[in-house]
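Letters A, B, C and D mark the chains in the order given here, with residues in each chain numbered from 1 onward.
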């Protein structure tokens, strides 16, 4: 839930300067994530790349996508990306804004959200997420922000999408702390606990997409982004990562961003940067 | 919580026709009850005589009295008495109208109400109230409306006032069913249960007022309304009722209604009858 | 996602014999038109849930729709008895009616818990009262932090929830304004939901960012039903018909008079 | 009944060393001016409660006010870390800070339970996460109707609750509009409460009958504090100063730079 970082932005900050056919790895991540949303989804949105992906989808192929932010804004339609989950723009464009207890009790716990869209500091091979601490909680190497809404977004939304920049320190064999449950430490604990929601069905990085093996729940690379090699993904992953074609499936190639996707995303970022720079 | 009945209304229905110095027993009951409210009280109002008493107080000596109706209207200031606890007039004149779960959870259970004002079908010597059933619950002689908000008004408001028309069938030795706890079947159970609110500190009938004995919690007549005799009260009470002067205290005489009290109450009723007759 | 069927079709699709059905509205916004359609369609053996059964359930009980009633205050507000309800409870007419009786506090919390997707509501209630003696659905849990025994009641999660509201927009978002009662909770807690509204508009025109809006994606069917709450009311559209509430006392006091009134005013009317 | 003291007096009356204090506002309406007054008055050993500590608690922690923090998300929204919070947790500067860490769902429900006068909140939470391993205030109860094990957390009932809001009328009724967060819950759940507002007006002008209004009789002190939420915002009055939130990252990255900034912008200012 911290910022999405610079990787998602083109180096030139004016929306008109990009060259069609060129894009950053961060843009590819956001665009690939945006494509995973169904047009009628009700989506609980984290800040950063999740918010960019959801709003890109809403502004392109899924105009009826319903976005919920944990600040209580139902069906928000922001014109710029909010810096926080509580920017005024969200309340102004929402169908309604409810209290935070109502948001978590009636809307999330009540089962009215289809997709939870989360970021992560660490993600392990079974889709468990850490946004709390690197090292021990009692004696942290790096203290991260913590759960916010994520713990229950992960267990109570119908399905979960995760976006994360690919690196061996981010995609790890086992998380230091389970802030948000994926499929559990051995891939079996989610089902064993009787949780009926589907969990992390899709992980989108800046290199590839991963989906859980239907039996073991281990995350498996099912598509490489344009220009990315298997070796790059292996090198950037903290576990001995499997690919779909290792398992009898097909390893796909992510479609390149369309001009329209890039244009809308860059305009969105340009409007956002202008808005947050202060007036 | 059923209607207050005809006893509270002057026989002539036009507000200008009464003779100063004359009043009905029902008017005396409502006026005596209205005098018990402190000007800064926050009061949870039942329908019927309680509503008349509370609004009379608000329109005379306690303009800052805060009235809450269980429909969720906070600080309502109706111009006519509502027929139901959910008339539109209440929402229109309230500081705010909240949901019914919020009303019962935050406002009543949360401890933000000083006085609960209840009616009763049966009231026993220890202030327990029955508004549920005459006879057995399983095989009722008369099925009454039931609790509504009353059970928790009785236990969660700081103190409780009860208004009831005096008769041996109404003021009974023991209630057929405890809808709302007074001091319990033997006068000791409220305290034993650890309930810290004061319970029924005042009962106002059309003949007298009763207050609980500080030790036994038995209701004792502490004031007779003008013109009422001890014998009338004894005859109209279903238990061997005690009077304050039997217990070493003073048996007072309720002050007669003032012209101002009668005028405001009758105008209120006249406005109310005109409003509810339909247009 | 909300659809916009006729009242006949909405009720026929959602309400079946034996269902648990809540038609709510706390004095305000009671869905009388939808309830009358349930009566016309001849539904039987329903478990009816309402905090205040009001005239609508008096009518549905008197017409034989209900086998069971979950409620917390069964009177004619400000008038007195619900005479058809009493006739069912006291004399089994038109047939026996099983009661699950609560107080408002527990039932309001049970709606909250239903909307919150929990199996039970937690509150402080019923201390020293007789209600737990006649309702075995009143339980308790012990607070693990303080040791206090608290009241537990099952969450309300009906098969069908039906409410009335002021208006909907064309995406199915519904505005409720004034005495909002448990309207939102009923829709969120029910497996299937119908919302009748005074009108369907292009712009919902919610007066506040925090207005009580029930989003379209949580509702199954929305039906434009002008005057659909009468003799209850729709704040901003028409007032409560208090004169009718007073007149009902006599209409409902006699079985034949009641049946004749229902024939003329409900059965002979088309949705 | 609400009084109208100065900010200095309101804080001096309500907040004492060692108190449990919540200054809430979910991104919106964060009571910065009141928090700065707590810093200026030199309060120590506070248990601070906030779902999102935000820059305000970064400042209070860095200035040594807090001994303990109850929270559920400790970042600079959209920017990254709270560097003073991290310095306290990672390096004990200016002194050790004990954490009671939750997730939003539990903390939101704990506020609901506090406002509802209950000792505990009931919810479904934390399944399969590590949080119960590091927080012994996460318990459970078993539903007596279904046998399901549900999560229990203690209700939040602080000594002092402080929130900002748009405006109050002269009876002390307060309007909160937009992202209302837990503002009402904090006031209702706290033993003592302070509400700072942009302005005090003759007519509250709540836009809806169902607007979020906190009635005056539930509030102890109301203080007109224009701009009192900056760099957070007051919907309808001024926008969130996102540029300052981004700038804070560098200000707070260095202990000396932070202290110098606080001296200039907080300590040298009078209430």
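Please note the rule applied: a residue touches a chain if its C-beta (ideal position, glycine included) is under 8 Å from a C-beta of that chain, and two chains touch if they have at least 3 such contacts.
Keep in mind that what you see is a predicted model, and the values were worked out from it rather than measured.
More contacting C-beta pairs link the chains of A-D than the other of the two pairs B-D and A-D.
Spacing of subunit A relative to subunit C, judged by their CA centroids, is 41 angstrom. Remark: subunit A and subunit B have CA centroids separated by 59 Å (rounded to whole angstrom). Separation between the centroids of subunit A and subunit D, computed from CA atoms only, is 28 Å. Multi-chain contact residues, meaning those touching two or more other chains, occur in subunit D at positions 112, 116-118, 123-124, 178, 180, 184-185, 206, 209-212, 235. Residue positions of subunit B with contacts to 2 or more other chains are 91, 97-98, 105, 109. Taken as a graph of touching chains, this assembly fits none of the simple shapes: it is neither a line, a ring, a star nor a complete graph. Every pair of chains meeting the contact definition is listed here: A-C, A-D, B-C, B-D, C-D.
Listed in rising order, the residues of subunit C touching subunit A in the complex are 1, 112, 115-118, 173, 184-185, 188-189, 204, 206, 209-213, 215, 217-218. Of all residues in subunit D, those touching subunit C in their complex are 116-120, 122-124, 137, 139-146, 148, 150, 152, 154, 176-178, 180, 206-212, 235. Within the complex formed with subunit C, the residues of subunit B that make contact are 1-3, 47-48, 70-73, 82-88, 90-91, 97-101, 103-105, 108-109, 132, 137-138, 140-152, 155-156, 177-181, 184, 189-190, 193, 195, 275-278.
Of all the residues in subunit D, the ones that touch subunit A in their complex are 26-28, 51-52, 71-75, 77-82, 85-86, 89-90, 101-105, 108-109, 111-112, 123-131, 133-134, 178-182, 184-185, 212, 233, 235, 239-246.
The residues of subunit B lying in touch with subunit D in their complex are 40, 42, 66, 74-75, 91-92, 94-98, 105-106, 109-112.
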